[in-house]
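One chain, chain A, appears in both complexes that follow, with chain B as partner in the first and chain C in the second.
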Partner chain A sequence: MSVAALAVLTQTGWKRWSAYRSAALAGAVTNTVFGLIKAAITMGAVGAAGGTLAGYGAIEGATYAWLAQALIAPVNVFWSNDLVDRIRSGDIAVDLSRPVDPQLAYLCADLGRAAFSLVPRGAPPLLVGALVTGLALPGQLLPYVLGMVSVVLAVVVSFACRWLVSLAAFWLIEMRGAATLYLMTSNILCGLVVPVHWFPGWMAAVAAATPFPSMLQAPIDVIMGRVTGVDALGVVGVQIAWAAGVLLAGRLVWTLGTRKLVVQGG
Partner chain B sequence: MTTTPTAGEQIVHARGLTRDFVVRSGGWRRTKRVVRAVVDLDLDIVAGEAVGYIGANGAGKSTTIKMLTGILSPSQGTVRTCGYDPRRSRRALAREIGVVFGQRSQLWWDLPLRESYRVLAAIHRLGPGHRERLDELIEALDLEAFLDTPVRQLSLGQRIRGEIAAALLHSPRLLVLDEPTIGLDVLSKERLRAFLVAERAAHGTTLLLTTHDMDDVQRLTDRIVVVDRGSVAYAGDLPGLVRRVGADRVIVLDLEEPTPPLADLPGTRLLATEHDGLRQRLALLPGSTAAAVLAEVAGRAPLRDLTIEEPDVEDVVRRLYATQRAGG
Partner chain C sequence: MADLSAAGSRRPTAAGGLLGPYRALVSSRLRSQLAYRRSFALDVLGSFGVGLIEFAEVYVIFSSISVLGGLDFAGLALLFGLASLSFSLADLLVGHIDRIPTYLRTGTLDAFLLRPLPVLAQLVTSDIQLRRLGRSALALGVLVVALVVNPIDFTPAVITLLLITPIAGTAIFCGLFVVAAGIQFWLIEGSEMANAFTYGSNYAATFPTSIFSLPMRVLFTFVVPAAFTAYLPTLLILGLPGPAWTPAWWGWLTPLAALAVWGVALLAWRAGLRHYTGAGS
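Showing the complex of A and B:
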């Protein structure tokens, strides 16, 4: 596939999502309202722990909550994926009749979607957070630059995981169980509820063995400057490894799935 | 890479093509059943041909098309499409063929129709020259009025025209249409057929068409392949099929006054009389003409009106199935 084709597919992902502005607005309001609740709970937890908890003060805890809310849409922490529907309805046949690599084409579309949602879905929670609790963010430029790289990688890891899980639709007619299980596990282990650094040792070990912290905890750590320098590069390196590994797994499973493909509905 | 089709070049070459599906059913006691969708099918299509691929629902038409286009792997047998092994070279083949699945969309649902062509041009790596081709298709399919309308707001007729343009934008050598006229009204069908006839005349595109609409077959194809339970039941032209199953054209005579049954008209077989012989239906036997029959009728009874019913191909296929099953 040519770079031009990838660029157009990315742009198309952006355009598809920008067609629904009121949905973006509703999502931003929801993320912000939940941000208020989560920031309050997080600050309460930090206060109850005596002012700091695993390196988070009250404002740092609130900042974590606001950044997590801002990244929900771009990283697509909640399930939303056309692929399951396309496999189930048989529309996957249309994707297969195009001269494109389906995984790469879907990844581009997802990056375009993420790029669109970054500002409309990300800015409102951060602005409200800055006004209501204040944000503890670094004063240098580097964490933000590296942070953007980390966010892009988080989007790729999230896409790769959802792609892989969606492929179960080649074998399962009913995907709701698998999707729910994935959502519960990934939402907790990515650090959406509380930072991964607050997990008890055994749970932190489980999380570290999954790609999920790379979807949310990692970019937030980089942006907040919790990890800097070589450590920050290490976090990004782990993200790259997960992105590559899960994408590769997705390709293998795709090959198996299309081999036994039953195109539903003729 | 697009090459001009040379006469006699094989576009589709399938031998012994077979596809089984495993159907699982039941709750606790799972049962597995193997359904043979396509069985030992041979199919040849040469460049420039227009082939109608017909059969009842579930006869194996769509499965065959998906194997020809690299979407499904055959369980057994070999197939080459435009010189490629479709499964191994799916993406290279996709540049040579255009596919329209009448019940599915290849357009971007949320975006203006125009956007779909922009994306398709990019993924097919079409140069700036594609604009000329797009303009040609916009003109011929009359898309101009709704190019800026999101696809989800298009009527079915508009969307299908948009789909056909999407399949033809990269000037494929083989156009595969899977039930393209399904659900369209008579006028829309007719316009689509006229377009396809003109398009093929201009570009020599090879056409493989599945349809339940026999007017499609008559207007668009020069050869038909009938599949039944996954195997070829007939391959040849339409008149040949009609002869083979013995389906006749029917003359319906409306007479001025009640007339005894016209049972002995040469070249015909009386099918029915109604209203004391005011209306009589006669099958026109092979070799006889409507004119000869009319001359004969004129000497016997005053004629008020007549209609000629062409054999309904759906019916012809049904008869073919019946004879096949009786014979084997």
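Showing the complex of A and C:
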């Protein structure tokens, strides 16, 4: 398995998604429309709380909403069924016969996808946000550099989680229930709906015990400069730990699943 | 209507006359969905969960504040219940029409065009998704609790309003789904844009319209009338005064808004269908 092969896979991930420009545009419009509504809700909530809510002023609240909308596509907080379909149809046998590690190959393709979607699907919500509500972003360079690292890690954590859940298809025939359950918990706990910092105590505790805040809340905190210096490195460290842990769990379950797998035909 | 009576006179099936074919279509869908009981139960549970996520947002926000846009938690639950009930019923009845981009791309719409029934009526009856009742159940539960918890004076007027609003609200969301489907004839891979329109208006409808900026209030009142599905009737039910730009009695106008949306929806659908040229397959 060579690095060159993985680089090519990353490139194909980019190419596959960049082929459909109008789909990217349509997605950006959707993310922006929801951003308008979400920013109004967060600003309304901050206003109702008397000007600040868990450290967010009105503009910070709006910025959170816009950044979350910008990161939806790159981090891919929604479900995608690629791997599930391949396991069910038996195409997974093709992946198994390739001379690259399947998990790494899929991860690279997903990183390519994320890299493409970052600008066409992330920039429109942020531009509209800057015009409509204004954005509260730090003036130094460092939060953005560390923020990019954090976004990449968020993509990896999101991929690792989806990979792990998809592998249930080795044992289950109908995956819609598992997928919905995953979407429900991850969407609430990652901070897509409202910032994790607004959660009541018990929900914050539940969220902290899952990898989900590392998918959205963490990169937004780093980019907005809510955490800086050693704290920011700590947040990134937690992301690295989750990424490694969930990827490893995925490898283990993959081994168990392929041992059980029987593909018909030839 | 002309299409419908023409179809009726041909009587494609023996039973039931005018509505016979639709009854056959719907009952075939329902039978197929109920065939795998456990899978269906899980799907209903999933749909319930989607509603739960939506309500979780309201819950989390109200864990740190007490009033949003003039409504307290109980008031917002009433608003949420009304909006979510209407949207989930519309999603159940016509939500599957958002698959139209797939029909257009694969050319399967041609099959619908060949049958002697109006295409829209066929598409609507072709894939009713019973599992979406899960979300309606959550909405209904929230609504009932909200009606008990809020200090509501159940006058005949309020009861009438409570009956009219979900029906007219469902009609509004159904109309919005059809408008979005009509626009799909011009877009390629535009299903996500349609989502912005339908799911976006639902999202906006579950929050008080008063928290939005003026241009957005105008949008959600006069262009995409989400405010009529829940916010304005909620003001009337709770006896609250409306903001300066919309008096609360507008809550009675939900059926009018539904009629307006359906007018636009049918025009958009007709224009779209005429624009369609087929895949030639």
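In this text, the second predicted complex is superposed on the first by the 262 of 266 C-alpha atoms of A that agree within 3 Å, B and C clash if a C-alpha of one lies under 4 Å from a C-alpha of the other, contacts with A are read in each partner's own complex, and residues count from 1 in each chain.
Going forward, contacts are C-beta pairs under 8 Å (C-beta built on N, C-alpha and C of every residue); 3 or more make two chains touch, one makes a residue touch a chain.
Predicted, not measured: the structure shown is a model, and the values here were computed from it.
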First, second, both or neither for A:19, with chain B first and chain C second: first
Which of chain B and chain C A:45 touches, first, second, both or neither: second
Partner chain in contact with A:259 - chain B first, chain C second, else both or neither: first
First (chain B), second (chain C), both or neither touched by A:101: first
Touching partner for A:33 - first (chain B), second (chain C), both, neither: second
First, second, both or neither for A:93, with chain B first and chain C second: first
Which superposed partner A:2 touches (first chain B, second chain C, both, neither): first
Chain C-contacting residues of chain A that also contact chain B: 20
Chain A contact footprint on chain C (complex, rising order): 36, 39, 42-43, 45-47, 49-50, 52-53, 56-57, 60-61, 63-69, 187-193, 195-197, 200, 203-204, 207, 211-213, 216
Complex contact set, residues of chain A against chain B: 1-2, 4-5, 7-9, 12, 15-16, 19-20, 89-91, 93-94, 96-101, 105, 259, 261-263, 265-266
Touching residues (chain side chain A, partner chain C) in the complex: 20, 22-23, 26-27, 29-30, 33-34, 36-37, 40-41, 43-45, 48-49, 53-54, 132, 174, 176-177, 180-181, 184, 187-188, 193-194, 198-200, 203
Residues on chain B engaged by chain A in the complex (per definition of touch): 21, 57, 62, 66, 69-73, 90-92, 94-95, 97, 99, 101, 103-106, 108, 110-111, 115, 118-119, 122-125, 150
